[in-house]
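Note that the chains are named A, B, C and D in the order they appear, and that numbering of residues resets to 1 at the start of each chain.
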């Protein structure tokens, strides 16, 4: 599984109908098919960028089914199934597996964060991993949950035969590096933060789950190839160019920014679901300008390299 | 509504069957009936102490129905209906109203906390208040959501005819005091933190929604009566005695502590739902000792007063 | 000492010469003399509002000497002597005592906050209290230091014969209440936050050290008298009127706001020392407007009461 | 200057006399001389590891003088001169320069953190850079100050002819990467966090100021050489081995841990100054065991490489 997880995964957004606000599975599939034309490792459905916390259970299932249809069998369909209750997480994981997920991505429960002791988290993730028909990837997103999984806990969890990796969504590379050192032969660490993709790959990540990979998959793939080929200066230069657009479609403007950028490249984007808010006009222009600037510089780079 | 909200509300726990882990509506009703023998203002169902985030939607409905049956028509059944999506919050509020809730308690969405601008929160709460068939009480719990409603936002929301109050769950009495000053004639502020109940009542709160009121309703009522009657020294003395047991059944040991204390007074408590964890034996003894000590001192106090 | 600390203390600013930026002891004395015409318990020199962290040791001494000259012997001159090193704190406390301080106010060291274990803090405060020729008042200001003294630690420290009280600068009245309950007969807790002065007095504080008391000493004194006389409604009404101006001259605009307000009431204010910044013109107008509004309402109140 | 700053700097501890607690300049010099036998870029005197906040001004000067004597003219003596007041920082920088410092390292003032607007920080650092006879290196240590310098501010400051670099003490490589991208030809970014030294070098840092470099200078130098030579796998392997011992002598056990480790390698360590606490016996054993393990593995590595 570690090999299959090594690479770039776009965390796909969930398309909604402009008029009704209902989930639009056909538009989800269009996006995934376009992405699957690139040598990406797979996609993540129902992550934070998929507005998973805003969906009803039956809506979630329709997104998974649509994604599965569009992801070839030799690529990985990763599905976010974290819920607050252990039983709900188990159920969501079973349903996702039944609909064809290759692995599930499970965040820590955090509403009762003050009660989430090491013992509570160990029991939760173990119960999910015991019950899940497909492998589990842990999801550490301290910016949302308010606490981080510790290296000690992850070390214990990595011994479970059905826990195969971890996504770290932060720019703390001390932590990512410790997770990546746990069982480097078997346990796959993926970065969830494009602004540190290059140094994260240096620190031991095997790939990334990155909002910007929905928009600029080839740039993310190029960075991975640069590192694999030892072209570190090229990777650093690309990282520096990528930082701003990566932020605009993730931390700065959130899912609304990501969906707006999708529309700019001719893909189905559509509305976000409230309480998320539509993008302001200036934010849209900021994204458009940065995207244009990035694409010009990126194409120049590839032309340069082709000439070498 | 402000008058009806003035008083003490226990946030009732949700009983689960020991064997199956299913919701146990009959046990919920037993607890509520006992409480309703006291001059409490009403109860809150499906709050944080009700393990609401761990319930499926249909389970939530069964808890509301059971509570309604046990709450007399002249008391207030308050129901927590906060969800991450605005549409889900609206739906939960409508269902609760349909099942007899007198008002709904609505927390801010917080998974996408970084995107929860003033505009986003204003739109969310306004949409819920527009759609809810019963009045809305805002729920500020920064310890869980990671951010606080601002006084400016609450001032705007308090102008909505269907938003009638706010529960503040923190010990920050600067903030509570500002909320309480907004429209003191119409907008009811309730404290959600028993360790500051007395000073919160001084600062303008009209009552409290307090875990410890499930266990010691008469002590909470006595404090309210002391303040109303100008017996401030007595209220402060009672507050000091109440702090420790109040913490043990809320912030320190969470819902498991509350359910254990319920069992100690002969009421249905039962298991918590994972990822929450059963109470350790020492924690149980700590609660028992503190509860015994409190009850002895409280009875002595009432005897003293009766003699005066 | 507890009796002498019961009351209102303005934390006096340190005046600087407009041209040279040097400490201006004469202007310090002018301010103190005006304040001492009111029935205040005393003053605090070299607190945060006194720009103590921006002064050289010899400048500190000149401020203490000037304050002592202007504070009558029957009032308390409290002097801030917290430093990062234990030895520097001891030396500053001895020098302050030698210059006539009645007690010293000592904050926790916090540059090495991560190393400030309970044992380290206990040893630090104990060493200072052992060596100080005058009583020590602890100073808890978590907003600056990044951590709070715990109730357990303060309980231990309150057993030291030379540690007589604590100033709590936060709006957390759970914490203040616990400190106030420690040895209510001997250990004096003072509030450092005017926006919660009234509920803090309810929760057990015996007075306050409040920036706004430099500007509106009679309002602060009136609140204390209201509480002592059982006029709780009047105290709450006054608290609500006082909140905004109190914030403007403390948390919102800092020492620059305080000094500007002093000038508005005809007292020496003068520049702040860099890196603190001069007040912007709009901020000055905001303070002026709020101050005028407060004074009008406060005089009306006193006239009302006089008529009763 | 950028070239001279490219490399490894141990932030030297300040030795104190065992009996008197006075600064021991001779012991400082012994440590520096040993270090200068290695191809280090220089040393930092009076950093956090130098207990600078615990020293009187005249003590600081004696440390600088002792260090200068032991640092050859072709290496960089960097001196920490950050103070709370702008004027005190300017004075300390001038004195350091007069005593032979090649550059000064200046942290942000943070006691009045809430007032440290971008304008205040810009004015402060500009005033210091204007007045300092030697170049200024900015010092970002959000873990201590509670806030971070922003990329926008650093971009402005990097235009000052006398501001030549920045030390970032955190494991946030998004931030470090942005600082490093500002003026990569002229503005030198150094990492202050050994657990991320390798990925920091990837992300654009030109070197590090690292507590562990006092103990294991050759390991830090080897990592820098690995990166410069494109030996990324070797650098990552070394990073993983270095993490634990690096933490033990910095974030975990602080200066006391660093001084204990110095004694273990036969160098003058001595006591820390209160409120810092002597190291517990178990902590000492933990450091000793980790140090022994590291040295064994590191020597094995070098032997391996020599054989290749």
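Going forward, a contact is a pair of C-beta atoms (placed from the backbone, for glycine too) under 8 Å apart; a residue touches a chain by one contact, two chains touch by 3 or more.
Remember, it's a predicted structure, so these values are computed and weren't measured experimentally.
Visitor: Trace the shortest chain of touching neighbours from chain B to chain D and give its length in steps.
Guide: Steps on the shortest route: 2.
Visitor: Quick one: report the Å distance separating chain A from chain C, using the average Cα coordinate of each chain.
Guide: Spacing between the chain centres: roughly 51 Å.
Visitor: If you average the Cα atoms of chain A and of chain B to get two centres, how far apart are those centres in Å?
Guide: 37
Visitor: Classify the inter-chain contact topology: is it line, ring, star, complete, or other?
Guide: Chain contacts: single closed ring, each chain with exactly two partners.
Visitor: Each pair of chains that touch: what are they?
Guide: A-B, A-D, B-C, C-D
Visitor: If you look only at chain B, which of its residues touch chain C in the complex?
Guide: Those in contact with chain C are residues 171-175, 177-178, 181, 193, 195-196, 198-200, 202-204, 230, 232, 236, 239-240, 243.
Visitor: Name, in rising order, each residue of chain B that touches chain A in their complex.
Guide: Touch list, chain B to chain A: 21, 48, 53-56, 84-88, 109, 111-117, 119-121, 123-124, 127, 143-144, 146, 251, 254-256, 273-277.
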